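Two complexes, one shared chain (chain A), two partners (chain B, chain C).
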Partner chain A sequence: MTISFEEVEHVALLARLQLKEKEKEKYAEHMGSILQYVDKLQQLDTEGVEPLDHILPVFNIFREDQVKPAPKREEILANAPLVEAGQYKVPKII
Partner chain B sequence: MSFETVIGLEVHVELKTRSKIFCSCSNEFGAEPNTNVCPICSGFPGMLPVLNQQVVEYAIKAGLALNCEIADYCKFDRKNYFYPDLPKAYQISQYDLPVCKKGYLDIEFGGTKKRIGITRAHLEEDAGKLVHQGSISSTPFSLVDLNRSGVPLLEIVSEPDLRSSQEARAYMEKIRSVLLFAGVSDCKMEEGSLRCDANVSVRPSGQATLGTRTEIKNLNSFKAMEKAIDFEVQRQIEAIEDGEEIIQETRTWEEDKQITRSMRSKEEAHDYRYFPEPDLPPLRISRKWVNDIIQSMPEMPEQARERIMDEHGLSAYDASLLTLTPDFLGFFDECTRYYHDGKIISNWMMGEMSKLLNQKNLDITQCKINPVHLVDMLKLMDEGRISGKMAKEVFEAMFETGSPPEAIIKEKGMEQISDEDTLEKIILEVIAKNPRVVEDYRNGKKKATGFLVGQVMQATRGQANPALVNQILARKLNS
Partner chain C sequence: MELYELTLHELQQVLDKQEASATEIISSVLGRINKVEDKIQAFITLDEEGAMAQAQQCDARGSFSGLDGIPYGLKDIICSQGMRTTCASRMLENFVPFYDATVAARLKAAGGILVGKLNLDEFAMGSSTEQSAFFPTRNPWDLTRVPGGSSGGSAAAVAAGEIPFALGTDTGGSIRQPASYCGVVGLKPTYGRVSRYGVVAYASSLDQVGVFSREVGDCAQVLNLIAGKDSLDSTSVELEKPDFTSFLRDDIKGLKIAYPREYFQEGIETEIKNTVKQALLKYEELGAIVEEVSLPHSEYALPAYYLVAPAEASANLARFDGVRYGLRDFQAENVIEMFSSTRAEGFGDEVKMRIMLGTYALSSGYYDAYYLKALKVRRLIKNDFDKVFADYDLIVAPTTPTTAFKLGEQVGDPLTLYMNDILTVPVNMAGLPGMSIPCGFLEGLPVGLQLIGRAFDEGTLIRAAYAFEQNTDYHQAKPDIGGDII
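Showing the complex of A and B:
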């Protein structure tokens, strides 16, 4: 299983990654080998095997609908590079 | 060439839990920016979501109200995309195993009933809000308020069964109505707790395959939804007639310009790369859980409609308007506890009350009139102490002040004169003053009484009981 340059570029765009030509080559190879492994798994007979949605056999882990006080706004915003009027300030994209 | 419009709606409803879906932050609307925010809903690395049980409870309730099948097994998935209002760069949603599916709602439009299919309803978290200072086009920045991030949402996806903007509106109104009755959301479009995206396409009449659709976002009111769909339908028809191809894309409704505008090009078409959310274990919804909720379901609008038609002999039209919201119906029900004639209550609610509420742009929860006061006013009319005309004035004063009708009548000195002796005296004076009119009457000009009644009303500044005046006058003239 190989993966084309275009596919690498598409996935990189979706992940907002800027790749150099050399990196594209490298990742095409990496991703190709991962997909090869998945291909191998596909050969297994999984007749009657339930799909695995979660790694642990646990279900219905709930929290009560109760409000707890939120941390101070300054703490939440402490790591933001830019803050204005109690809000994160980011470049506009629309 | 004639075209057929095909519409499917994606309706988002915020569930009215106390806390958010995956953390304990408050789910209140309108707080100061970023004051209901914690490391979980602001997407700090390493934080773990834990599902709010009440959210699932409400989703099941909503599903039942929407006539859906409730899944016995469902799970959450990550929907990956980049946007500044989504701090984790993924939204926790449900992809292939939603909590509700295969439902329907019956709508009535133009006197005909129509069943609209509901494909699915799934749970997800709401995103934050982008705020722009000044005009959105001039500022290079967005401010991000994450109070809404993590608010529980139910997304209800319809089948492409709607054929006009009016049908779409009727469907939206029906969703609002059943969810209000189910008590799972306050469904306020103006606060964004009820929102919708519309998928719109057109095709030549008779064609079986669907045309290419566009998705319209930013529909923040029923009116905006209708206008945007009408605009988009017209735009697509004109494009096709000009030989252009419709591009599958997302468009936004621009309220100020009253147009839809393309938001994203096809090249950037969404590829969300869903995968199962590893931080949340799947759900097993037992039959017992669902049955317990079925037992606790409140009356739904259609049941309420049948009930009040049955109990009070209301028309289907009146009954369906009275059952649009549980608050409106609650007012009616409260009145009927103290007054025998539901039809009269309905007339006042649908007439004067709705008129005044619309004028002031209020909903019934903000109405100052107490149901008991409305009933008192109706009783005063029955007793002949106020006329229908006076009642309207009393009603308006009740609406303004919230005072009981007795107090208003006293204050305005507007009590109706129903005392026979008093009226007789006035009538005899009027007769004495108008001998020629009386003669006309006795010579067969029966219409002459109208003038005499008018004189009596004038003499009493409109306060004479008109039925009594007619009675006494007839007696005196014929004697």
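Showing the complex of A and C:
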């Protein structure tokens, strides 16, 4: 299993990771070897096997909608790299 | 005997009998840390002043119960209010949570004194603690070797006498493997037993918080404190919680123990297999019924894990984008570039690698072949365990294929490193409780015995671990750290 340079670039874009040329080479190689290893799973016939999404039985958990104390805005914003007027500030989007 | 050498329950007795004060205990522990920490490097953050202040308050109150006056450490992926929580990543180097993880809040409410935050592989991705963005931690039994990972700081600190107990997390073996390498007790509870609220997520369907201690009884005590339903974690389970210390009785007569033949095959060092077989003989001698069984899909657990875990990680780590917390690239001109360059700078190699792999496995066109296939295999692995547990109370196996390896030995080759987890990963895939306890030494390095139980039956693990501990003395061995005998 090999991964092309273009595939690495495409996945990096989806993952929002800026990669250097050298990293692209390394990830192509490492991902290729791991994907080759996980291909072992194809040996197994899983026809009709129900995928296991949750290890525990899952069900909706309902509760009354109550007003409870919430963290303060300043506490939440204290870790933000850039804040203006009580909001997160980011570079131009459009 | 110095105070720092005492176990949790011994410290409680000392406080109870007024043989020492909380201040004396904290001084002793801090003295020990200052003496060995330049060799071990288990702590990312150490709060000496805070710990001393709390100890003084504790002494001023004058009465002790629960964890009053008892020092402990947290893996630095567990949020601690007002104390930096880095995940051993440049991304969160200066992140100070304004709230406690539920497990941290519970230990705090019990009176415990948080001494500091312990090193790990970045975002818990690794098996050696060498993937920490800051520095590697060293194995107290041999400073040229790794303590294991990802909770390597927690295991090393407990083994080195720096702290009587610590919390870690286990996604594919990250508590049991370092516990094995460092010769301490490590317990990963059943998925859902302990709240994950405030624990930075790696792979949410596999992650679980657990305990490191020097003796089984301490582990049971701490589990009593951290276990239980939490309304802030919808996967934590509402179940009647037994008193886990009630399982500390030296009686396993008639207990049905299975050992899976797949855990004793090639790839596992012969001497490890022999050591574990000795432990099985010990169990027989103590009255247990020990029989061989098969978990036929074992070899597929690791490849399935390396799809499921990275896939979940790629989603969980999307939150680190330079907006709400952590690092930010201020040079970027638009928001997509800001996300991408911040993440490129903030994450280390292994983290990027797993995000890439997970993104690939979930991407359009590959989902069925990789992620869905892995979930089906996960079902087969769980079915294997269910079958064995229909007839047996407990599974016993080695924790790791080898003893601790040398620093640098497995860097650069992800697959070799992943093989470390081959005996621990199936347990997470099936959501079961697992434990590692010391069961011998090979050339001076600890060997771990892995105990695997039915879902929510930590009690049987604790009972079997305690019986082994009471009838052996491996847990009493102490590492000689660079000439200083503790």
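The rule is simple: the second predicted complex is superposed on the first by the 80 of 94 C-alpha atoms of A that agree within 3 Å, B and C clash if a C-alpha of one lies under 4 Å from a C-alpha of the other, contacts with A are read in each partner's own complex, and residues count from 1 in each chain.
As a convention for this text, a contact is a pair of C-beta atoms (placed from the backbone, for glycine too) under 8 Å apart; a residue touches a chain by one contact, two chains touch by 3 or more.
Please read these numbers as outputs of a predicted model, since none were measured by experiment.
Peer 1: For A:33 in the superposed arrangement: first (chain B), second (chain C), both or neither?
Peer 2: A:33 sits against chain C, while chain B stays out of touch.
Peer 1: I'd like to know which partner A:70 touches here: chain B for first, chain C for second, both or neither.
Peer 2: So A:70 only meets chain B here.
Peer 1: In the superposed arrangement, which partner chain does A:56 touch: chain B (first), chain C (second), both, or neither?
Peer 2: Both: A:56 reaches chain B and chain C.
Peer 1: Which of the two, chain B or chain C, is in touch with more residues of chain A?
Peer 2: Touching more of chain A: C.
Peer 1: Tell me which partner A:91 touches in the superposition: chain B (first), chain C (second), both or neither.
Peer 2: In the superposition, A:91 contacts both chain B and chain C.
Peer 1: Quick check on the output: what are the common chain A residues between the chain B footprint and the chain C footprint?
Peer 2: Correct list for chain A: 14, 16, 53-56, 61, 63, 71, 76, 82, 88, 90-93.
Peer 1: Give the list of chain B residues in touch with chain A in this complex.
Peer 2: 17-19, 24-27, 32-39, 42, 50-56, 75, 80, 82-84, 97, 130-133, 136, 139-146, 263, 271, 273, 276, 278, 280-284
Peer 1: Quick check: in the complex, which residue numbers of chain A touch chain C?
Peer 2: Against chain C, chain A makes touches at 3, 7-8, 11-19, 23, 27, 30-31, 33-35, 37-42, 44, 46, 49-56, 61, 63, 71, 75-76, 78-82, 88, 90-93.
Peer 1: Touching chain A in the complex: which residues of chain C?
Peer 2: My answer: residues 95-99, 191-192, 205, 231, 234-235, 237, 297, 299-300, 303-304, 306-307, 314, 318, 321-328, 330, 332-341, 343-344, 347, 352-353, 355-357, 359-360, 363, 369-370, 372-380, 382, 414-415, 430-431.
Peer 1: Using the touch definition from the top, list the residues of chain A that touch chain B in their complex.
Peer 2: 10, 14, 16, 53-56, 58-68, 70-71, 73, 76-77, 82, 84-94
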